[in-house]
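Chains: A, B, C, D and E, in written order; residue numbering restarts at 1 for each.
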Amino acid sequence: MASLDLVNVQKSFGPIKILHDISIGLQDGEFLVLVGPSGCGKSTLMNIIAGLEEPTAGSLKLQGRDITNVAPAERNISMVFQSYALYPNMTVAKNIEFPLEMRKVEKSARAERVKSVSKLLQIEHLLDRKPRQLSGGQRQRVAIGRALAREPQLYLFDEPLSNLDAQLRVDMRTEIKKLHQRLKATIVYVTHDQIEAMTLATRIAVMKGGVLQQLGTPYEVYNQPANTFVASFMGSPRMNLVKARVSGTGGALSLDIQSGQGARVSIALPPSATPAGLQAYAGQEVIAGIRAEAVSLARDGMVAGPTHCFVDARVEVIEPTGADTLVVLNLGGNEFTVRLEPDAPLKPEQNARFLIDLSKLVCFDAKTESLIA
Amino acid sequence: MQPRLDIARIVLYVVLFGFAVVFLMPVYVMAVNSFKPLDEIRTGNMMSLPIDWTIAPWLSAWSTAQIGVQPTGLKPFFINSFLLVIPSVALSTLIGALNGYILTQFKFRGANLMFAAMLFSVFIPFQIVLIPMAKTLGFLGLAGTVKGLIFVNTVYGIGFTTLFFRNYYAAFPTELIRSARMDGAGFFGVMGRILLPNSTPIIVVTVIWQFTNIWNEFLFGASFSDFSSYPLTVALNNLVNSSTGVKEYNVHFAGAFIAAIPTLVVYLVSGKYFVRGLMAGSVKG
Amino acid sequence: MKSGYLPKLLFSPSVFLVLVCVYGYIMFTIYLSFTTSTMLPTTEWAGTAAYARLLGLENWQVSLSNLATFASLYILIAMAMGLGLAILIDQKIRSESLFRSIFLYPMALSFIVTGTAWKWLLDPGVGLERSIHLLGWESFSFTWIKDSEMAIYCVVIAAVWQTSGFVMAMFLAGLRGVDTEQVNAAKVDGAKTWQIYLRIILPQLGPVFVSAFVILAHMAIKSYDLVIALTNGGPGRSTWLPSVFMYQYTFTRNEMAVGAASSVLMLVAIGAVVLPYLFSEMRKVKNG
Amino acid sequence: QQQSVEVLHWWTSGGEASALNVLKQTLEKQGVTWNDMPVAGGGGEAAMTAVRARVTAGNPPTAVQLLGFDVQDWAKQGVLADLNDLAAKGNWDKVVPPALQKFSKFNGKWIAVPVNLHTTNWIWANKEVLAKAGVTSEPKDFDEFIASAEKVQKAGFIAIAHGGQPWQDATVFDSVVLATGGVDYYKKAFIDLDTKTLGSPTTLKVFQRMSQIRKLVDKDFSGRDWNVASGLVISGKAGFQIMGDWAKGEFVNAKKVPGKDFNCYRFPGTQGTAAFNTDNFAMFKLSDPAKTAAQMKMAADVMDPSFQSSFNVIKGAAPARSDVADAAFDECGKKAIKDVAEASKNNTLVGSIAHGHAVPASMKSAFYDVITRHFNGQIDDKKAVAELVSAAKN
Amino acid sequence: MASLDLVNVQKSFGPIKILHDISIGLQDGEFLVLVGPSGCGKSTLMNIIAGLEEPTAGSLKLQGRDITNVAPAERNISMVFQSYALYPNMTVAKNIEFPLEMRKVEKSARAERVKSVSKLLQIEHLLDRKPRQLSGGQRQRVAIGRALAREPQLYLFDEPLSNLDAQLRVDMRTEIKKLHQRLKATIVYVTHDQIEAMTLATRIAVMKGGVLQQLGTPYEVYNQPANTFVASFMGSPRMNLVKARVSGTGGALSLDIQSGQGARVSIALPPSATPAGLQAYAGQEVIAGIRAEAVSLARDGMVAGPTHCFVDARVEVIEPTGADTLVVLNLGGNEFTVRLEPDAPLKPEQNARFLIDLSKLVCFDAKTESLIA
């Protein structure tokens, strides 16, 4: 396995700049998950790593070797394409075998490998079919199988599980995780699935409009988002972001949440949960971010802990998702989504009291939208 | 889905049938007259069926008709034509596929200009290359040999085959080629394993075109070969185009059919490779 | 994709052959057209004498105007027929291969012989006209081949007959390369069959149209056997084409310089007509 | 080393080939292998192309069948061999009619050997048809011929079977010119290309007569092969055909007997004169002495009287030598030999316009253009004369 | 809008039977979500409804009219294809406009529609591009746009959101929900996303191997799964299924969970949470199903309510997903996944006490695997 360094990689299609100065350094055996809104340049970046597109500027190093001008075939990289790109003239087995054949792997070893990969992906019964006789999910698994057949220095997966059902997805995710651990493979992985990103990544790169927003561990990205974009992009439902004014001084700051027309809400911040940088914003406006799961329904007789506080809000919408219930509140005139147990005893239009875990609170500069740490 | 038979489809079949009849008319004339004795042709109606069926013209065209001084029929010339046509078709098709691949997948300066140059080359009248080509062949020591003919037919086939393949590959899904390159396929791997196996229809078209053209090519055959390497067309021409002798139309027609058999076989065999939905399901979008 | 040296290396023999065996020989022909060559090439310089003679020849003018009529009609009709037949054949019909072969077979037969069959068919005294008379339609008249005004249309008919099957094959190959899923999508979107062809499939066949056009244009320009076998240029000189002219003057009339000059003029004319079209089409292929 | 000859020719029909086979066998008896190189097509057009390619490639055949002025043209290129030694030995200058020598010699050197002597001013007539139309005697002059033909036409037959191809039109023209202007006019106008003579009223008359013939031809004549036209006569659909002596083959092949089923006679008004064409084997310069030796053997064999006889009996022409016995020939053949001998003696043996024995190929074709256009009604008689003159001027 | 009836629809490809006797009746304005493992026949069923494949047997009715033999173009259906199937020769705008043009909608109205649809899908800036110049998610949105351009009797969506990022996915989901409510459109929708299925559907059809397993409201499917397949297929993490023996009689049954080697666990069922049918199984084995979210960490001093019970279990694996933590327990020798708050104070290998909500317990026949109601 190998380390991968992207140095100031840029890409334009004609006049349109798709990637701006992307620099990422990956250690041997890292699992990088690329996330970002549709069209932000993830696949383009993957193609550049694979050598299928030339970067307009910048360079790439694999295991210290400059590969900017190396042909894809000589990079020793495997890739699962977002669009599958199965070979229509070959059966499933042949598709999987192809990269091995190209690397001159012996016939019996190939057959072995096809067998084990197809077993892993539960497509053994499809080995003799042509791509056009497969369902969407089956095609996607064949595409994965083709990439897994080899053991290259680097794997690239572009949304490999998007067409699989939830169970299979969990299975495949586990398999990929195992694979990563077993082979100590370096992997770059694009996904839109939050859970995939959180569970698989050793590091997550969040992109937006071709610009790298944050590169960090899943914990960092989730709990210390570099800016409001990352904050609201990661996590579902998205983080609640509300404008608030910082008041008080010294050790005891509090946030006053602006009220459009609703009642004004003031939240006192416990010193332990106050970012150091927030002091400088006293009297100014910031953006406060609280995740939906940091709020719970206050039960009768509960007492707020040192990092908790109570707020009263009006219930607007209730959306049961099975495992939980999402409730949209009106908090000081702002929409505020919280996640509660499935059988939370609430009805639309009622008022209720909620408990906020302030240790999960993050604040952003109102102008630059970056994290105040 | 097996379509049901409704008015539209009946019309469809009627139209197809009508065209088929028109297309078959000349060959009908040839066929019926190839089974008539010469007298009947001379005196009778050319469109009517033979009164006195005979296969003598066919036998004659095959084995006893006069091609040169010896009454050899067309038989001995088949081999020559095959020796000439198979390598020429294979070579020019291969070169065309190669050029099409290079022209569509690798961008280098002057590529488009070269393509235009090759394209334009199909328009040159062959009579203008005859003399210089004769000189060239003489210089290369290929004059009067099958090799020389293969060379000539290949060279002047490149324009077409390149055109066919380039235009076909222009619409080929790039993802497939990219994927193959990722999988470690080199230049020839991509071509041999991905492009060619997915080019069946265009290969069929190219082979039909090249086979027919080279099989029926006369000018080069007559000019650049000697009797031992004469292709079939020259023989057929000798059979048909004798100047002041008696014209045995029935033998001519039979000869034409015989000479066309390989081409017809190629059409029949290759036809079934026009398969539908070649790419379906290989890529999204 | 970036190119290493291998593609260029593999491409260069073709380039070399084409440059030498096509453009080199064209140069040679251009040179010939300025000499006094008659039977074999000579090097004696004659200036533009051959061109002057050529332009004064009525045969040349007749050939050119015939070519204009013939080529435009032939290309148009053969293209339309080929496409039409391909679409008809593409309707999942029974005995597809039979019909396909019937339309394609004329390509297999050399015109050395089919010319005779056509000559008979078109001949009012023995062919179609007579047969229809025998069937009872006495007033039917089809004497084009005997009519110097109309004979050129007979050449068009025979040429269309010979090549439209191949054009059909080309279109069929193109039609069958189009992804079925797109056709499905169009069906759901409410497109009728003809609309699917017109809007979804044909626009993707741009390159096939280019190929077909080149094939047909080249046939139109090079048709020699056809004319010789069918009308031998007659009645009179009414079906002469430049190809006949070139051949006649170069090899039969021993006026090689004039023949060369006519080739040069033809090439210039073809270049003027075809190249702009090809370039625009190629640009479309690249961007579209 | 095995001696061999390579012979390029376009005699590939049954009769022609078996005639040539005589030569092949003769040579093989002398230990010379025969490498055939037949290239048929038109009047040897394809063959001429092939020769050019062969010569250019530096690989010419031993002998090439050539017509008329083509021999001279090739000789001018300096690629033909010198046969004078052989000619002296065989006394060719004596036995070959001078009119023919003009084509087989260049700058006083023999370069080719003539194989046959075809004459073109023949008429072929179906006796039965003529009888039915009430034509009982052979027409003596042009007008009589027209009258007879009109009778045939009236009787419901095609009067003159004709194929509308330039060379056929020109073949008729040969005869009409001879009949109208006589040999002197013919030579002056069409061989010497004297423009005054060409523009004279005689020429106008020639074209008027062509127009007369045109009226006696059926409407479907255009493009028809000559042998189809012969077929019309043979099958009793037409009365006459104006065609060279090779047409006899068609009649004989259809089991028709000369004198009994059909008649052959000189075009009315041309008796005693003959427009001829002759096939030569031009001998090309070769570098290999073994080949040259074989070439000489072949040339000698061609000029051998017994070959000339046996070949031309089959071919249907007269021998190119005037000293060959006519015993083996049929009635028409005997007449041909007699006529040719007479014409040669009277110096009325003239090269055929239609077959490139009057003027070189380019001029011949220019004449074709005029004759054909006139015959197809594209230009009138006067215009035809004018165009003929202007063609001759170029 | 229209009702849709599938009557005994079957489909085979050659010898392989893909769909077995599918019968589904949809009311006017229903939103049916089709779910099932990859390759179970969902797309095939969609194709049959669209008229792109002919059923081998059975018939279809749209608004009461038999459409089994009606051409796709005359069915008045819009469809989003799993493989997008964009027209490569047309720009994005043209792609969207195409179905309108085919229905002879006026030019200005078409332009209007393209504008509003592309705005909805956030692809306004892409209107002049060709499909080839789009990212995966952008292509998918164009495909949706093409379907939404018209207002047909029936919409078919085949995994329309699989390539979108989480935020966009939520947005699009909301838009589709709104569309459904506004137009009262009848919709058939394939998805692998549980949340999509639960939030969008008026009814869910669960398929497996071409056989319809359950057709019911999201609540029914989630809480009353017809069999163990449905139970474990719907919901993530999957429902815990453990073999248990029913003991006791009369009003008070209890479940004894089989122990491989672990301690034996017995759970007393409160009468209110006991399915009536379970009585018959006394002394026999059943499969008990408990969702991960029905289990919580018992806190000190907690008292079990009437439908709750305590169990002790050993923690095996802890997997934080951001919003919650998934914990795999060893419960009487069975693997048992539970979902806890993100900061649950647990460590691997420790023992802890958990609270099970028995009102969420479901039991299945051990042989037939169907629900005991």
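To be clear about the criterion, a contact is a pair of C-beta atoms (placed from the backbone, for glycine too) under 8 Å apart; a residue touches a chain by one contact, two chains touch by 3 or more.
Note that the coordinates shown come from a computational prediction; the quantities given were computed from them, not determined experimentally.
Trainee: What chains, if any, are shared contacts of chain B and chain E?
Mentor: A, C
Trainee: Just grab the chain with the largest centre-to-centre distance to chain A, centres being mean Cα coordinates.
Mentor: Centroid comparison gives D as the farthest chain from chain A.
Trainee: My parser should flag the chain pair with the most contacts; which pair should that be?
Mentor: Maximum number of inter-chain contact pairs occurs for B-C.
Trainee: Just the number, please: Cα centre separation of chain B and chain D in whole Å.
Mentor: Between these chains, centre-to-centre, one finds 38 Å.
Trainee: Taking the mean of the C-alpha atoms as each chain's centre, how many Å separate chain D from chain E?
Mentor: Roughly 95 Å, centre to centre.
Trainee: Averaging only over C-alpha atoms, locate the centres of chain A and chain B and give their separation in whole Å.
Mentor: Between these chains, centre-to-centre, one finds 58 Å.
Trainee: Roughly how far is chain B from chain C, going centre to centre by Cα mean, in whole Å?
Mentor: Centres of chain B and chain C (C-alpha means) sit 15 Å apart.
Trainee: Of all the residues in chain D, which ones touch at least 2 other chains?
Mentor: Chain D, residues with two or more chain partners: 42, 49, 52, 56.
Trainee: Which positions in chain B touch two or more other chains at once?
Mentor: Where chain B meets two or more other chains at a single residue, that happens at 1, 127, 131, 133, 218, 237, 240-241, 277-281, 284-285.
Trainee: Can you list every residue of chain E that touches 2 or more other chains, as numbers and ranges?
Mentor: Correct list: 83, 86, 134, 136.
Trainee: Name, in rising order, each residue of chain B that touches chain C in their complex.
Mentor: 1-3, 9, 12-13, 15-16, 19-20, 22-27, 29-30, 45-47, 95, 98-99, 102-103, 105-108, 111-112, 114-129, 131-133, 136, 155-156, 158-160, 162-164, 166-168, 170-171, 177, 187, 201-202, 204-205, 208-209, 212, 216, 218, 233, 236-237, 240-241, 249, 252-253, 255-256, 259-260, 263-264, 267-268, 271-272, 274-281
Trainee: Enumerate the contact residues on chain A facing chain B in the complex.
Mentor: So the residues of chain A touching chain B come out as 47, 50-52, 71-73, 77-79, 81-90, 98-99, 102-103, 130-134, 139, 146, 150.
Trainee: Could you list, by residue number, the parts of chain D that touch chain B in their complex?
Mentor: 6, 10-18, 20-21, 24, 34-44, 46-47, 49-50, 52-54, 56-59, 225, 227-228, 231, 234-235, 244, 246, 249-250, 253-254
Trainee: Per the contact definition, I'd like the list of chain B residues that touch chain A in the complex.
Mentor: Going by the criterion above, the answer is residues 173, 175-176, 178-186, 189, 193-194, 197-198, 277-285.
Trainee: Hey, which residues of chain C end up touching chain D in the complex?
Mentor: 38-41, 53, 58-59, 119, 123-126, 143, 145-146, 148, 228, 230-238, 247-248, 251-255
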